[in-house]
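Let me begin by handing over the structure; questions about it come next.
Chain IDs A, B, C and D follow the sequence of writing; residue 1 opens each chain.
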Amino acid sequence: MAREAKKFSRPALVTHSDALPLDSALLLSMHGHMLRARCLEERLIAMYKQGHGYFWIGGPGEEAFNVPLGLLIKKGQGPAFDFLHFHYRQSATLLAMGEPTIGALRQMKNTATDPYSGGRNFAGHFSKREWNVAPVTSPIEVQYAMAPGTALAQKRLGGDAITIVTGGDAGTAEGDFASCLVWSSRPGQELPVLIVVTNNRWGISTPYGQVQGVQKISDRAVAFGIRAKTIDGNDPISSYLELKEAFEYVRTERKPYLVEANVSRLYGHSSASGANMTTAEADCLAQFEALLQRHGLLTAAKAKAMREEITEQLLAEARLVRDEPQPDPSTIFDHIYA
Amino acid sequence: MANMAQAIRMALHYAEENLGVTDIFGEDVGPPLGGVFTCTQGLKTTWNSPLDERGIIGMAMGLAMAGQRPVAEIQFCDYIYNTIDLLKLAGNTCWSSNGQWNLPLVVMTPVGSGIRGSLYHSHSFDATATHIPGWKIVMPSTPLDAYGLMLAACEEKNPVMFLKPKALLRIKGEELIPGEPGDDKQLSKAIDAPLGDRSAWKAQWPAVGKHVVRIGEAKTVRAGEHLTVVSYGRTLPLCAKAAATLAGEGISAEVIDLRTLWPYDWAAISASIKKTGKVLFVNEDTEVTNFGEHLLRRATEELFYELLAPPKLLAGKFLPGIGLADALEMASVPQQGDIETAMRALAAQAP
Amino acid sequence: MAREAKKFSRPALVTHSDALPLDSALLLSMHGHMLRARCLEERLIAMYKQGHGYFWIGGPGEEAFNVPLGLLIKKGQGPAFDFLHFHYRQSATLLAMGEPTIGALRQMKNTATDPYSGGRNFAGHFSKREWNVAPVTSPIEVQYAMAPGTALAQKRLGGDAITIVTGGDAGTAEGDFASCLVWSSRPGQELPVLIVVTNNRWGISTPYGQVQGVQKISDRAVAFGIRAKTIDGNDPISSYLELKEAFEYVRTERKPYLVEANVSRLYGHSSASGANMTTAEADCLAQFEALLQRHGLLTAAKAKAMREEITEQLLAEARLVRDEPQPDPSTIFDHIYA
Amino acid sequence: MANMAQAIRMALHYAEENLGVTDIFGEDVGPPLGGVFTCTQGLKTTWNSPLDERGIIGMAMGLAMAGQRPVAEIQFCDYIYNTIDLLKLAGNTCWSSNGQWNLPLVVMTPVGSGIRGSLYHSHSFDATATHIPGWKIVMPSTPLDAYGLMLAACEEKNPVMFLKPKALLRIKGEELIPGEPGDDKQLSKAIDAPLGDRSAWKAQWPAVGKHVVRIGEAKTVRAGEHLTVVSYGRTLPLCAKAAATLAGEGISAEVIDLRTLWPYDWAAISASIKKTGKVLFVNEDTEVTNFGEHLLRRATEELFYELLAPPKLLAGKFLPGIGLADALEMASVPQQGDIETAMRALAAQAP
């Protein structure tokens, strides 16, 4: 997978574009990751619809934000590297970090080979200790209560590693979101946490404006003296630039920063709501592809070829996974304790 | 015949119209969704809450204090565990104020396994709920009982926890709810929200009537002589089926649907145990510090000398979660085969 | 008690003072309530020290704020009247509302006659359904989760009744404080709640500035579009005026308002920390008495006489309570259910 | 001899110096107070947290994930009930990640009655804790055991719940902790924070040594023949005293201090029950869905034919709270007299 990302990031026909503030290699790398992430989610949805999995939830529509996020992460194990407390829409971030796609398929099919939970947990519930990816939890917002803990360890260690926590807009109504702000901003004990909220303006079926009186979620940071910004998460370029600034601030100042990213939700909440594509929301991938084409960095044909190649590869992986064993019932008693 | 989700919906409609229910709310409880299991579609007092379980329980308590009659939903009981302090508070408000205040509120929440819900859509809540004094706790296993228990819950002066066995919500009943049209298609057309745009849709409620299942009354769903099986919720129909199977082997099992977990019908349980001398308690909550252990303790302390075999509990394995893969879920909580095996073993014990 | 309050509020020698923005009758009434509240707490502390009670907690130092609060409350039962979700430092508010002192002594001594809990709960844990005083709870901040519920009932009813919730500064770190802000400010569903925080800059032994990065707690309301103000809770006159404005706003606009009142904690956290008078913090009663004297509304002799009279009366009540029966053990099973 | 609060303090000092403990924190845990029961005075890694129990547990989990070794305090277990979801999460993190992650953290919290704590300073937590898989749970009844169990807790790879029986925190032990000075005044002067200004104070730690009470090992505090009594925490010394009293009446009771509630020492319990044929379980949590009911269930299921009388549970009454007045508290949770009565009744039962 990492190999492929590289491949996409060195296209044959790079025309230098002064209009775009990022270099072409990076732009094309981002596009490659976004595309792969989208194709992965579409494959997972297809698996669900074919009965190769009980439940789907994931991040199609958030790639423009999640890919730059992944690219900026300092990955590795332990407090000298970034700690990641993600929610269940983060596949694009994992792929951008270099994670192979097949693990997600295995988790979807709940095989014994599922590298994240051994067939125990839902799709999108990554966990990878090697890269400090904390287990994604189903309960909304609890990750915000834990993030200050890893950040404190990092602050203590020194260096530039930070903690990143992500979650949705609706979840900010839980007290844990406030706890994260409180614990990250203790005077003299400010913590290096990048607090991210991806605002798709939905909590399952409930529109944001029906339940939340907060105009911008980033405003909630102000009282705590926490820097904050609301950004366009559908634009990968501005996402990258804004995130870069936020990462740099947190890495060097060792203080929290809240980023609210406005994003789309392209396949509804989850398989429970049908997992069907909506055209009512902006599609960051299509927009980005159009931009790259306008700037001569990509052609429709090239994009189509890439998509076909990735789809083919995912199909092959899905076929592989289909025959892998399910976990043995006797394993339920494994790993209750370390 | 209505399924349990429809029965709950009709009960809530009845309660809105006749029992003063003012607020049916929770995450995605209002339009357009009407609840993740459709239990609240088309009702007139529903609304969508912020994603905040503590706020939901707090809101219900406040509404109840101010004379409203709320029915609050926690979307899955798996997400109720950050509110236990508030549930305890709701349960002690009458007592701590020496009888001044009472909180007529209902909390309903789907429980249990059976839909491949993985770690966080498979939890049981009976053990935790029964350890919280001051609540009444009910858990139907049929649509008609769900209807009758919901009416009872909405008439209560005290907090009631209404546990919805999620595996049974879509199972049709065998008895008609008073006023329910006999034709299922007709019922569905009248009260199930349509796919697609629902903004103009209104439920056409049948003229459902009063049918109250009193809190505290168990139901003997099958009479028998050789052993007693006490259960509730998802495992109850499995026990009944197991008893039917075992009848063919000459084993006569009495099956009791507890229906109310607190205050429970000890008279029914003890009478049955006195008759059969053997008892199996079945539920799917994890088996340590399990409500079935309370029932078993009471049976042991009070009926020791009438027991012809050690009383037995069959419950969920003591695991941190229920795994997603089919085989994991099956191995984690009682299935029909496990129940039959346990019943056979108990029946076979020589006194 | 209500009778006495009246008595104090019509003093013999009222000199009209243009310098003070409240009329003398009101000022003297406020002083009378503040004094009685202080004497009550001192009596409760004395009872604790004499072994006539297991635990003391209460509000000495907050009278300048709590008395005006009580005077502005529309008292009665049901949603047409104000609903009160108080914490454990609110005795002065109850007295200003007209509550007799003896109930607090009974609760201190945990007698069967304790009108709030029948000898079951700690001192300061009022409950009076007749006046919509919800049972004071020991768990910090849970009242903020409940307050929106009574406020919603009031909003629905129409009229001008509101909900008032109070708590301390340290408690705002609990998620329930944020929940209150979220639930009070749902768009189009804003609730008539007066959200009060009495900031004494302590949570037991922990100074505010050590654990909270929020400069003014009232700032936390801003993101929610909730009006808010930080006021001097040691000044009964400005407290009255600020509260009056806040009450009027909530009563008429049917929207939330957050008041943070800076107050003192004059006898430490509770009996667990010794319940000894500190001189390190401003004493609102002494300051107010000095002010009234400067304005010729009170003399030192009068103040002394009043204090002696109240003290005498409280002593008499304490003697009465001393001989009242303790609850019978068999009553533990009473009132589990209504 | 050190009291339990001092023993815990010395254990934490040992753990800071030798077991890698990095953070001892919670509300008022750091200077100047050092904990509402003084358990954390003078320690070098203590700090005061915001007043937010959910934040405390979350912080402990995060620290543990990042390789720190936290000991978090919840000031009273009465205030832990809004964190049950996080405790469950801590308990399932290893399992849900299929063994990838482990969380070496300790949560300590005072439990139980005995100080006239009224509704909210009297809660027990053993029933709730034992229903949460993935944790180890300990509860000492002596200072030396508190010391040894805390060392074990701080060496664990898994989350450990350390329950401090608050009624026993100020009771002096009968055994010396290795390295403890024999003279109590000397000890107090060295490690108890002075009254008044503490800003310049430093503890003078004695050179305490390693003494580990392994998790999972019960202790037979009194051998006996006629009945077995299994208890822990506040009620344990009462059981021992009751046994001493009953010895004078010719009743020989074996008393087992469970010390670890999970995983508990079934070998010790069952061996004793096999010997005596009678068993009384004593704890002070409310008696419905109580951990003692689990133990009783297991005894019944596994040892039914060796029981000479119905096994018995003596626990707290099923009440919404413990009332403040003396008589209310006494009537709500087991006192020595209640234990003696229950033991006598059990001893008197003819098989």
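The rule we apply is simple: a residue touches a chain if its C-beta (ideal position, glycine included) is under 8 Å from a C-beta of that chain, and two chains touch if they have at least 3 such contacts.
Since we're looking at a predicted model, the values are computed, not measured.
Chain centres were defined as the mean of their Cα atoms; on that basis the chain farthest from chain D turns out to be A. Contact tally for B-C versus A-B: the pair with more C-beta pairs in contact is B-C. A straight line joining the Cα centres of chain B and chain C is 42 Å long. Each chain gets a centre from the mean of its Cα atoms; for chain C and chain D, those two points are 38 Å apart.
Put simply, the C-alpha centre of chain A and that of chain C have 48 angstrom between them. Counting partner chains per residue, chain A has residues 117-118, 120-121, 137, 139, 173-176, 179, 182, 186, 210-212, 336 touching two or more of them. For chain D, residues touching at least two other chains, in rising order: 50, 52, 54-55, 79, 82, 85-86, 94-96, 119, 133-134, 319-321. Taken in their complex, chain B has these residues touching chain C: 22-23, 50, 52, 54-55, 57-68, 70, 85-86, 89, 93-102, 133-134, 136, 157-158. Per the touch definition, chain C reaches chain A in the complex via residues 173-179, 182, 185-187, 190, 209-216, 219-220, 222-226. Listed in rising order, the residues of chain D touching chain C in the complex are 27-28, 30, 32-33, 36, 48-55, 78-79, 82, 116, 118-121, 317, 319-321, 323-328, 330-332. On the chain D side of its complex with chain B, the touching residues are 54, 79, 81-86, 88, 91-92, 94-96, 119, 127-128, 130-131, 133-134, 262, 286-294, 296-297, 300-301, 304-305, 307, 309-313, 318-321.
Across the complex, chain C meets chain B through its residues 78-79, 83, 114, 116-118, 120-121, 125, 127-129, 134-135, 137, 139, 142, 144-154, 156, 163, 175-176, 179, 182-183, 186, 334-338.
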